[in-house]
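Let me give you the structure first, and then I'll get to my questions.
For clarity, chains are labelled A, B and C in written order, and residue numbers in each chain start from 1.
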Amino acid sequence: MEGLASLPQFLLVGLTLGSIYALVAVGFVLIYNVTGILNFTQGEFCMLGAMLTATFVRSGIHLLPASFLAVATVVLLAVLLERGAISSARKATPLTLIFVTLGAATAIRGIALLIFGTEPYTLPVFQNLRPLQLAGVSVTWASLSALAVVVVVVLLIFFLLERTMAGKALRACMINKLAAQLMGINPQRMSLLAFVLSAAVGAVAGIIIAPITLAVYDMGLMLSLKGFIAATLGGLASAPGAIAGGLLLGVLEALGAGYIGSGYKDVAAFAVLLVVLFVRPDGLIGAIRGERV
Amino acid sequence: MQKKWLLVLAVVLILLYPYLLQSTYFRTIGIFIGIRAIVVIGLCLLMGYAGQASLGQAAFFALGAYTSGILTTGYGFSPWLAMPAGISLASLVALVVGWPALKLRGHFLALATLSFGLIVYFLLKQWSFLTGGPSGLTGIPALYVADLRLRTAEYYYLVWMAVAFVAWLSHNIVHSRIGRSLRAIHDSEIAAECLGVDTFRLKLQLFVLSAAYAALAGSLYAHFIRFFSPAAFGFKVSIEFAIMAALGGMASIYGGVLGVATVTLLIEVLRAVVPLVLPAAHAVAAIETTTFGLILVVVFIFLPDGLAGGIQELRNRFNARRTNIVRQAKEAKN
Amino acid sequence: MSILEVREVTQEFGGLLAVDKVSFQVQEGTVVSVIGPNGAGKTTLFNIISGVYAPTAGQVLLRGKEIQGNKPFQSAGLGLTRTFQNLQLFSRMTVLENVMAGRHLRTASGFFASALRLPQAMREERLTREKAISCLQRVGLEEYAERPVTSLSFGEQRLAEIARAMVMEPALLLLDEPASGLNPAEKIQLVGLLRQLRDTGVTILLVEHDMNTVMELSDRVIVLYLGRKIAEGTPAEIQQDEMVVAAYLGGEKIC
């Protein structure tokens, strides 16, 4: 059994993992609040981001242009998905839309298997650098850069939502769709924007997770689900909530894996989701904020 | 009248099937179609009639299979006793899970059932002392009636008797007071409440019933296949059940069976054809997965009532055109 | 004897008082109308009485029994049902099935009896069908019984919804704007139908905009304005009430 000494190490692992969940959750919350859709392809965006970048790097492209190329490809796919499938089913019930995105996710996974095969891909970055030792905690450059990228992406999202016209329109749509529509905001364009933004964030999350955990064609489903859990923990209503939920989930998982056993990590994550759904459908964070009123 | 003849035709076809295609391979496919049909009929009631999603039906299928497997191999139970035990356990679990879950609406219910399904799947892998862990259970006994061992052909008839029984029960429920109230919940929950329908209780009862069906199918699966691992009960399986229900047309029991047959046969065709075109080892799985995904997208966008609904729609259009032609002819005369 | 008593019922939505300390009684066997301009809180009041909302404060008594905060199905069990302003028919069913669904409380067969077609369930089913057809006859829709309910005209759908409520044999029937969207002939038919219904002992509480219908049918009229009850009386009294005339019609006389 691990003692308290390992706690900082677990926390670091948890925060790294959690920051990736946070990115998935942000994308998920964006789409959910703008369109009312639970988008199961969110995790597939990550998978594609990771697999494509790894493939491009393998073929000799430098990491940075490879990442941009991968993000652009994923965004293009998201546009096709939104225009092709989601907008034709706009009037359908939420249940139908779940199945549509679930189907799209499954199809993407199948095509990924065909293209990439079953072998895990890795992104060879920072492999030669030795981990930093900070107050007894060993910090790999991969997780350090992951945390840095997450911070940058989160700041970027906030800048977009708070400071740009399109972002403000998007936020208005998230808060009250009808009112936004009455103010002349086109919900179809906002839906597209939400998909584009979520795809980009998702792809970035995939790229930063690849050096840490390896990338496999079927990683998307689990990432989607963890993103849902994180978003639900965060109350499903806002980007800050989703980020907090993601970090919380990551830390919980790392502690669970460290102190209870890694086999129960996923059981615990889904049990947490069930408990939150059953006890507080508004999410933990939402509940905390609710008390402020 | 037409419907009656279709039903008679289907029954005759099902009865003759093992002798029309006299090979263990085809009989086995027939058995799998039957086993899945039992699960899918329950899902059709739940999703198509009452409008409640379940993305965790494989968990109840697993509870039936594992109860049968564990009680017969580990504790010397007769399979015929283990079967009702599995059904009871699944029903009990459905009651406990459904109690909080069915208070949730729309996608939250879908998420909750999905999570439940995954938890069961992970626990099956984790509790090795009970479930054999990732490698699963082996040596599950075959079924005997008196001293007769049920081989493939006999098992086929046993499974389809179960399908017929389940379909009969479900058909009766749909066309009864309970069925009307369930459909009422789907169309307007608030109006159903104002007519005095305790919607929560009814949904819960239906959830339990669909779990019982799935567990029955699981037991039948266990004693036929006689060894299995958790992989047979993962998320993918839950989704397959949902695809089958959706493809057939959720609001139709017979559509559900049609959906099962279509998907099962499609898988077999893909398994036979894909290796001829794409030699890669994982090509079959890849094409299968992609096809499933596309079926889901296409069915839910363009065929919301599934194959059964599509056929009905075609027939309506044809009839409408015919009446139009007749009407035009009459008008021309006048 | 009063069948329904509403005592100081208040409903607050985020600081806005949609219904503000409204009290009134409904005597058994009468027709009472609630009128008022848009936003007066009529539909909110209905939602509270039928159990769709739990009121912020106050009581609703059905035959002396508190029912506020009940689920709608519980109140339905005590003999109270309603129709909806925007119609809540079961769109995937036939007209007859819609009305048959209204017999839920008057029948008892559960999953078990239904699934196994026990004789008791079959008997009930036959009786349910007969009752439903006779209700359809009373509203004049019997020839459309086997048609999908969505194929009916708007006015016919209103009648179908009323038939679905009638077949429940409720003690108290809440009708939310039953005349809206009806043509003049249909309105006359509606008034006749509701009179007939009252004569069979059903108490009727209705929210209505159509003044002719209200004045012709009602024994008493309650006027809501901005969530408050500003007047109550017989139709004749209400028509004379200056406050009502001022608040409700901005000075124009009713009728």
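Heads up, the rule we're going with is that a residue touches a chain if its C-beta (ideal position, glycine included) is under 8 Å from a C-beta of that chain, and two chains touch if they have at least 3 such contacts.
None of these values were measured; they are calculated from a predicted model.
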Per Cα centroids, the chain farthest from chain C: A
Inter-chain pair with the most contacting C-beta pairs: A-B
Cα-centroid distance, chain A relative to chain C, in whole angstrom: 49
Geometric centre distance via CA averages, chain C-chain B, whole Å: 41
Rounded Å distance, chain A centre to chain B centre (Cα mean): 32
Complex contacts: residues of chain A adjacent to chain B: 38, 85, 88-89, 92-100, 102-111, 113-114, 117-118, 221, 225, 228, 232, 263-264, 266-267, 270-271, 273-274, 277-278, 281
Chain B to chain A touching residues, read off their complex: 47, 51, 53, 100-101, 104, 106-108, 110-112, 114-116, 118-119, 122-123, 125-126, 235, 239, 242, 246, 278, 280, 282-283, 285-298, 300-301, 304
Contact set on chain B toward chain C in their complex: 169-170, 172-173, 176-181, 183-184, 186-188, 190-199, 205-206, 209, 251
Of chain C, residues touching chain B in the complex: 50-52, 71-73, 76-77, 81-82, 84, 88-93, 97, 100-105, 107, 109-111, 114-117, 121, 124-125, 128, 164, 168
